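Both complexes below contain chain A, partnered by chain B and then by chain C.
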Partner chain A sequence: MKQAAYGLVLYIFLMLPPVTALAESIMAIHMHMQMPLFVIAGMLMTPFFQKKFPNLFSKWNSNGIPGIILFMIIVLYWMLPRTMDEALTIPAVEIFKFVSLPFLAGVPLRDSWKKLETRVKNIIYISLSAIFGFMAWLYIASPNQLCNNYLIVEQKTLGWGFVFLAACIFIYFIQTLFIDETEYE
Partner chain B sequence: MIKKKSNRLAVSIVILFGFTLFFIGTDGFQAYTVETARINKLMKENPVFPDVTLEDSKERVYPFTAFEGKYVMITFIYTECTDVCLELEMNMAQVYNNIPDKYIGEDIVFLSISFDPERDDPATLEKYRFYFNSDGETWRMARIQDQVELDHLLDEFGVIVIPDNNGNFQHNSAFYLVDPNGILVEVMDYTEIEAATEKVISILETEEGE
Partner chain C sequence: MEALKNTILEKTNKSLGVNAEDARLTLTYLSLAFIVLFIGGALGLLQGLNRAGLLELPVWLNYYQILTAHGVLLVLVFTTLFMIGYFYASLSHTLGGLLPKVRKMGWVAFGLLVTGVVFVVTTIIMGEASVMYTFYPPMQASPWFYIGLVFLVAGLWVSGIGVFINAASWKKRNRGKHLPLLSYFAVGAFVLTLLGSLGVTAEVLMLIPWAFGWTETINVMLSRTLFWSFGHTIVNVWYLVAVSAWYVTVPKIIGGRLFSDTLARLVVILSVVLNVPGGFHHQIIDPGFTQGLKFMHVFMSLSIALPSLMTAFFMFAVFERAGRKKGAKGLLGWFKKLPWNDVRFLAPMIAMIAFIPAGAGGIAQTNNQLNQVVHNSLWVVGHFHLTLGTTVVLTFFGVMYWLIPYLTKREMTTKINRLGIIQTIVWAVGMLFMSGAMHWVGVLGSPRRTSYTTYGDNATALGWDPYLFFLAIGGSLLFLGVILMVYIVFNLMFFAPKGNTAFPIAEPEDNASVTPRWTERWGLWVIVAIAVISMGYVIPLVDLILNAPPGSPPFKTW
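On to the complex of A and B.
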């Protein structure tokens, strides 16, 4: 339960107005730091919810598939250029970001991950790196300004961040194929 | 067995939720960027050009209503701009040249509005217009000195101008066509010169036929 408390502290810290203002002033930090941190805050808080609502998770997410799909939907949604812009200009969208990333992406991800079969995990690794690769191409190659609130230079920086992420996930995926973690436990 | 069923139900609910979320978030899969959403919305709302006072490159001062009875093709620029504005104005010049002479000045006027009134005084605008063969009459370049009026106009027409630290601005660009009653009727992609030209000519032709 200590984890859940840390998660809550992180969650509140991220929502402090000066912290959000700073994090959102730079595009790459907005997408590659603030948003993942919200997901992590949610993951940390997961044990609390699992204890509080054990039925919800065991009944509706017994094989982990609904949870992981929900996670993918939320992640995809926040990768649209439009949602990033609107989070800055429309308060309701900003609130939805604060709610959806931890509770609709972080919590289901942690609850689902252990339940998933290796086959499904592999699909997730591959699709995530493919999606991030596509986003990298979109943000780097686009001649147009995709977000009205951010400069094209920032957009390209963000794109390179995606290249890095896609590569990391893919390398991690490859190593899972060759290295059996149980041997080292 | 029961678990399998609830899992399937949960998957369907999640997918339905995702579909709805994306549907609402993109205006029915129409607009994935704020810029597209903005243009779609402008074309639906048709805002009226607000009451502003212009000062053009010939130091003439007049309200926007001076153009009443004519279509006005508008761009928003600043003269120190080194990239987009040049392309925008070059393309505007091509549209200007492609429109039959009989309409120019009679039924349609071109107007480039600077959103950097401090640096873009009439003398600067006068110099700038030569680069694009603008005659200063049927294609005018003007600034709006009153910052409140300028901001109101930019806001109404959804023009976003972000100053950076080097005295430049990041801004969105388009061709705006305002009708003889001062209502915004078209927002056109400034990179599609031919499409914009055809659109303007067809609007002028229907107007003439009436």
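On to the complex of A and C.
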């Protein structure tokens, strides 16, 4: 439960106006720092919800698949250039961001992950790194400004951030194939 | 069968003491380390005397040559040699001997390091590399200087991979067991070293063609940024090496127990994951980064203080418990029960105490406004002679009093203990004078990396002289400390009486909780570290590359 409290503190901190203003002023920080931190805040708060609503999770997310699909949908949605723009200009979308990333992505991710079979986990690793790779290509190669609010050079920076994220996930995935954790335990 | 053989091997190793071949490897590293300390210390003394206006250096060996050699030899070479020697001995002791393959890698690394040092020192003496240990372009050294650096980095890599191989092989043979804590520190320190060396390797590979004249210009800001991703990280590696001795050996020496195995491992993980982007706090005054970015890096930098504060908490808890076990009463009674007259405790203890002002100064200067006051002044030199020159180095000295006798199957005499206490006090007092004077005169505006000058008898500059005089007194005491320490090390190596010295490894408390398994998931931690590094570096690097001004041609300012 201590974790849930930390998650709540992080959640509130991220929503403080000066913090959002600073985080959203740089495109790469908006997408690669603020948004993942919202997801992490949600993951930290998960035990609270699992304790409060045990039936909800066992009924709707018994094998983890619905949860992980919800997670993927939310993540994909927030990767579109258009949604970033709208979060900056339309308050309702900004609020949706504050709600969706922790509670519709972070919570289901943590609840699902332990329930998933290795095969499904592998699919998630591969598709996430592929999607990030595609986003990298999109943001680096696009000759046009994709967001009204961010310059082209920021867009390219974000693209390189995606290169590293895709690489991290992929290397981690490869590592799980070669290093059998149980062998070392 | 294999496992049985290995446990037997480990048992014999523990009762018979160190494997002779492993001991020879470490002793070679340590001997060279202390020879390097002697040379570097002598150069430091010359600098101190020059800055006080007491000594004019000849043209053929000027201040900047000496300063470059002092910096490289002490911050890079001495520390590297010590780390490899110490951790290879730790692996040998805690993992039941080095694998023959790994021992060979240790020797190869030694050869690479020596080659690198020869290149670097030769070019400095020839006056072709007075670029300081930071080798910032557009100052350009001889290409052979940079090639020497490549050898040094290669030596670090080979020794690091050796550590990983030995640890992995132990884990395979000991399923379900945690890597012994000291070896865990070794793995963490080398992972951090390798991560930190990526940027500088890229930088040096750009500098070499530029120094040969194959490329005309160099991206100055990019080079500085890549340098500090390394320079910052490696200093934190030295700190982690010292911390490993505090956690694992000091509690044993004072008759206490390990405070918490989990907490110690968490400190290692946090240090590895959070460290590299801290490099930006060396570039607070650099142009080319936006204000918002610099602001964010203040947090990055402060987050590194977290593991340090955890360490302080841990150590004081250990001291208090050990003191109370010996019957100490009252709030601070345990303080008196500590073995102050045992140099194996006194040296690391003073090292830890020095870290209190050193850490406070560090937290201060990582803030933009305060940094503007002290940037490039002697304050900064005072700061790292406390962190590195005292906290790290005194801990290294403290380790020598048991590590060398352990390796040579000798015993420290009470005479050497007494001499060691004198050495520690000389060092502490010398540093109090030198570093204190540097801090103060730095705030008054005296710049670092500047040989003696009164700026045409300018009144402000003349006002620095009394402080610089104290700096020279401190420097002289420190050199006395260096002589004593080198004497002690070689005395323990060759002349101390034969006997048995144990490798002090603290036991966990009887009611200690089990260490969680996530501490062993290095695959995950390395990936997290890479993710944090890319979060810190992608934005400025892309900006520095895509919006680069035309590069700079070389300059030879000396």
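Please note the rule applied: the second predicted complex is superposed on the first by the 182 of 185 C-alpha atoms of A that agree within 3 Å, B and C clash if a C-alpha of one lies under 4 Å from a C-alpha of the other, contacts with A are read in each partner's own complex, and residues count from 1 in each chain.
To be clear about the criterion, a residue touches a chain if its C-beta (ideal position, glycine included) is under 8 Å from a C-beta of that chain, and two chains touch if they have at least 3 such contacts.
Since the structure is predicted, the reported quantities are computational estimates derived from the model, not experimental observations.
Once the two complexes are laid over each other on the shared chain, residue contacts for A:Cys168 go to chain C alone; chain B is not touched.
When the two structures are aligned on the shared chain, A:Gly133 is found in touch with neither chain B nor chain C. Within the superposed three-chain model, A:Ile26 lies in touch with chain C and out of touch with chain B [touch as defined at top]. By the touch criterion stated above, A:Ile73 is placed in contact with chain B alone, chain C being left untouched. Contact with chain B, but none with chain C, is seen for A:Leu151 once the two complexes are overlaid on the shared chain.
When the two structures are aligned on the shared chain, A:Ile65 is found in touch with chain B, with no touch to chain C. Residue contacts after overlaying the shared chain place A:Arg82 against chain B, while chain C stays out of touching range.
In the superposition on chain A, no chain A position is in contact with chain B in one complex as well as with chain C in the other. If you check the complex, the residues on chain A that touch chain B are 59-63, 65-66, 69-70, 73, 77, 80-83, 85-86, 89, 144-149, 151-152.
Across the complex, chain B meets chain A through its residues 3, 6-7, 9-11, 13-15, 17-18, 21-22, 25-26, 31-38, 160, 162, 164, 170, 172. Partner chain A is touched in their complex by these residues of chain C: 171-172, 175-176, 290, 292-293, 295-296, 517, 520-521, 523-524, 527, 530-531, 534-535, 538-539, 541-543, 546-547.
By the touch rule above, chain A contacts chain C in their complex via residues 22, 25-26, 28-29, 32-33, 153, 156-157, 160-161, 164-165, 167-168, 171-172, 175-176, 179, 181, 183-185.
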